[in-house]
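In what comes next, chain A is part of two complexes: it sits with chain B in the first one and with chain C in the second one.
Let's turn to the complex of A and B:
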């Protein structure tokens, strides 16, 4: 049972990384990025493509990817997604859905349908002993640590910095925030740029952990979406907690029957939607 | 008289196909307090929103210190010295009192107003600085809204319906702060439903009716009858 709990929490760490960017973009702009999963896969393939340029090493490839992802996210929001924002959520849903199709087909064209992975130089097979008879994988532990660090950093950014205040202000009331001298379009672009840093980390770590294929995006979006909804929209700690719940539910399902894991997670998601549609910890930030 | 700080010339404004302002000519001089009165829907709030760029108008229709600002974004206008206390206060609900006040300083204008000085003007805000802004009473929220605008160190403060929904004693407390602002040379445009309050706190009253100026004059020279006619159009 302890093993199931630990594996569930570690899997939850990965889902938290999938979901934090979605939570950030929704929290600041009320924008549901339906291409979230495909952007994670795109980041994974970008890391795989960058690796040969830096001696086939994964860490330098990820370090190289982060500023690229930041710039890509900024430009995407500033010149594409900002044009879709407004009272009607449909334009942003349609545009991100379109982007998801473009990314999937673009990756198919460039990389074929073959699954690929990012070489972690054996890190994905190492384990760390936690005590008598209990050992966990070093990579899942690193993924969990990264997710925890990202959650703490995003929460601190929102709660304790001037740019965090600006994020919350434009989220609360864009018109009044602009009256204070803020350029909402730039603030939104910065929020998406930060979300893409997390997306880049999520994609790279996913590619180290397992193989990725161009068609993986929708399933990753589903896990991200479930984690955000379980935790409560627009809340980083809520998203983290939601991801833990989802990871645990899937691991318990896998333990009951190897075929039950994924749908057991969906079952918990549906149960939360019915019992507490606002999520377990809505808007804990701020 | 010195050149106008704000000047509008044949200012018009629209919401879609509906025209809200019809050729408003208006001047505000440094250190002046002007009250704008009028019935609901007369165009008072639209006028303030047009001055701050929230409602678009022709480039030359609004001039600030002689420079056309009619087509600028709100942020650019704020950086040139305009600040607004919006109707209904519209504080940021996810920010504390202090954070709301700090948002006002985002435009980066230097001047006499900072947190320390604001807490002298409104001491209750220092006690409540860590509280969520929306948990304060209506009067205290209005103080935060005024303080947030002052943190931008504006030359002109536009106040939209400061007294709306507040008790008379709270209204008096808020308007008692006006002399402290004008002493610094700040100009004020105050949209006010209460004609008595408007006349008391201002030097000049401008009455709007259906998007047009129906009366304008020195606050202490206008009679109740003149104002009633201009206000209701009868």
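Let's turn to the complex of A and C:
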């Protein structure tokens, strides 16, 4: 029982990393990124491809990947996605959905359908003892820690810094913010760039923890989305908590019957939607 | 105030009257196909007809109803499985089961809408996708229809192949005609006008006494019916069903492609889109991943640079309208001087 609980929370940590980017992009520019999962998979493959260049070590590969992801996210938002924003959600949905198909098939062409993973030099099999008789994997614990760190950092960035104030301003009212001298297009690009840092971390850690295949994206998107909605919009802590709920629900489902774990997670999501459509911990900005 | 005799409210255009005649001739020619055409042509027609009817419903839902969904494959799959279960388990003739399965799908859409309507905009899109996944996983765990690996439509065993193919073809043709005529007449009706008002401005429409929620629900359920019809028909033609095929997100992806390329929010859009999709599929589908990448890139390009789609562009340039739903005010020539009063 305790084991299921801990495993669920650790899985939730991974889902929080999947979800934070989605939450950030929706929060700042009301953009629903349907390619979120595919970008995570793309980042995973990018880390796998970079690893041989830096002596097949995973940590330098991830460090190398982060600035690349930042630049990629900035450029994507600045020159592609900004043109799709507006009152009508259709253009951004079609464009990100199109990107999702392009990424999936591009990765299939480059890397074939075989699942791959990022070699972590045995770190993924190490474990840490927590008190008497309870041991957890070192890597899942590191993932959980990274998720916690990202949540704290993003929330602090939003609440306490000038960039965060700009994010909140363009989110509340783009036109007024622009009258005050903010360049919304550049702020949006910066938000996506930061989201891609988290996406790069999520993809690399997913590839260390297990294997990734080009077709994995949509499922990761659905997990990320469920975490955001369960948590409630408007705060990163809400997303983090939502991811914990989803991780626990899936882990309990897996314990009951391995075939129904993900299904059970979906059901918990739908139940939250029916009972509390605003999410469990909403703090909507503006 | 009386209406001046010189003014006239018109809807039809010369092109629309010509389109009606050409359309009727095409349908009559097509209806005789089982007498002279090869069976591979008819199979191809049935397949593209399913894609088309499904795209038509997606266009009605997203282009007119403003509800962008990535989860319409839920209803496609439900229609397919409904037909199969009625045929294999309840002994209903599969051809009779097609409309029953579509009706059952529409019934399921009622409780589904109750959950889905709690989300808006982009989140509605992904929420409906989750719901479709729930159906896929549920059927994958249902051993009575073969679980994850699916099952075959054994109920058609006693029917001769030629009869089966002709009948499937005629039903597909009827579905295509019904989809076009149904959407067209709906949009020209009072309810259709209300729907267009909602799309243009929901708050203003509500203030004019339109029951926004009720009309959106009606459109959602109607589109579920249409998607269920397409699904049931597809798997009568295909004879084999599996959860991954029936509830694949590709159904919606292809529908989005057709509608966006042809022009969203116009009836001609899915028709033009389906023809383009059929042609691309015929000549390029052997290229596999490159072909799909091309489709995705095309959808992105059209959305960014060519928002109205192909038909929207033609309509703007030449004023073509084969299925006019808007009313125009025209002056009759002989006494046009009278209109200055």
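Just so we're on the same page, the second predicted complex is superposed on the first by the 282 of 286 C-alpha atoms of A that agree within 3 Å, B and C clash if a C-alpha of one lies under 4 Å from a C-alpha of the other, contacts with A are read in each partner's own complex, and residues count from 1 in each chain.
In this section, a contact is a pair of C-beta atoms (placed from the backbone, for glycine too) under 8 Å apart; a residue touches a chain by one contact, two chains touch by 3 or more.
None of these values were measured; they are calculated from a predicted model.
Once the two complexes are overlaid on the shared chain, A:218 sits against chain C while remaining clear of chain B. When the two structures are aligned on the shared chain, A:90 is found in touch with chain C, with no touch to chain B.
Of the two partner chains, chain B is the only one touched by A:176; chain C is not.
Counting the residues of chain A touched by each of chain B and chain C gives the higher count for C. Of the two partner chains, chain C is the only one that A:26 touches; chain B does not reach it.
Once the two complexes are laid over each other on the shared chain, residue contacts for A:108 go to chain C alone; chain B is not touched. In the superposed model, A:273 lies in contact with chain C only, and not with chain B. Residue contacts after overlaying the shared chain place A:259 against chain C, while chain B stays out of touching range. Residues common to the contacts of chain A with chain B and with chain C across the two structures: none.
Residues 26, 30-32, 34, 80, 83-84, 89-95, 97-102, 104-106, 108-109, 218, 221-222, 225-226, 229, 259-260, 262-263, 266-267, 269-270, 273-274, 277 of chain A are the ones that touch chain C when the two sit in their complex. Put simply, chain C touches chain A in their complex at residues 62, 68, 70, 114-115, 118-119, 121-123, 125-127, 129-131, 133-134, 137-138, 141, 249, 253, 256, 260, 264, 289-290, 292-293, 295-297, 299-300, 303-304, 307. Touching chain B in their complex are the following residues of chain A: 162, 165-166, 168-169, 171-173, 175-183, 283, 285-286. Interface residues of chain B facing chain A in the complex, by the touch rule stated above, are 52, 54, 73-75, 78-79, 83-84, 86, 90, 92-95, 99, 102-104, 106-108, 148, 152.
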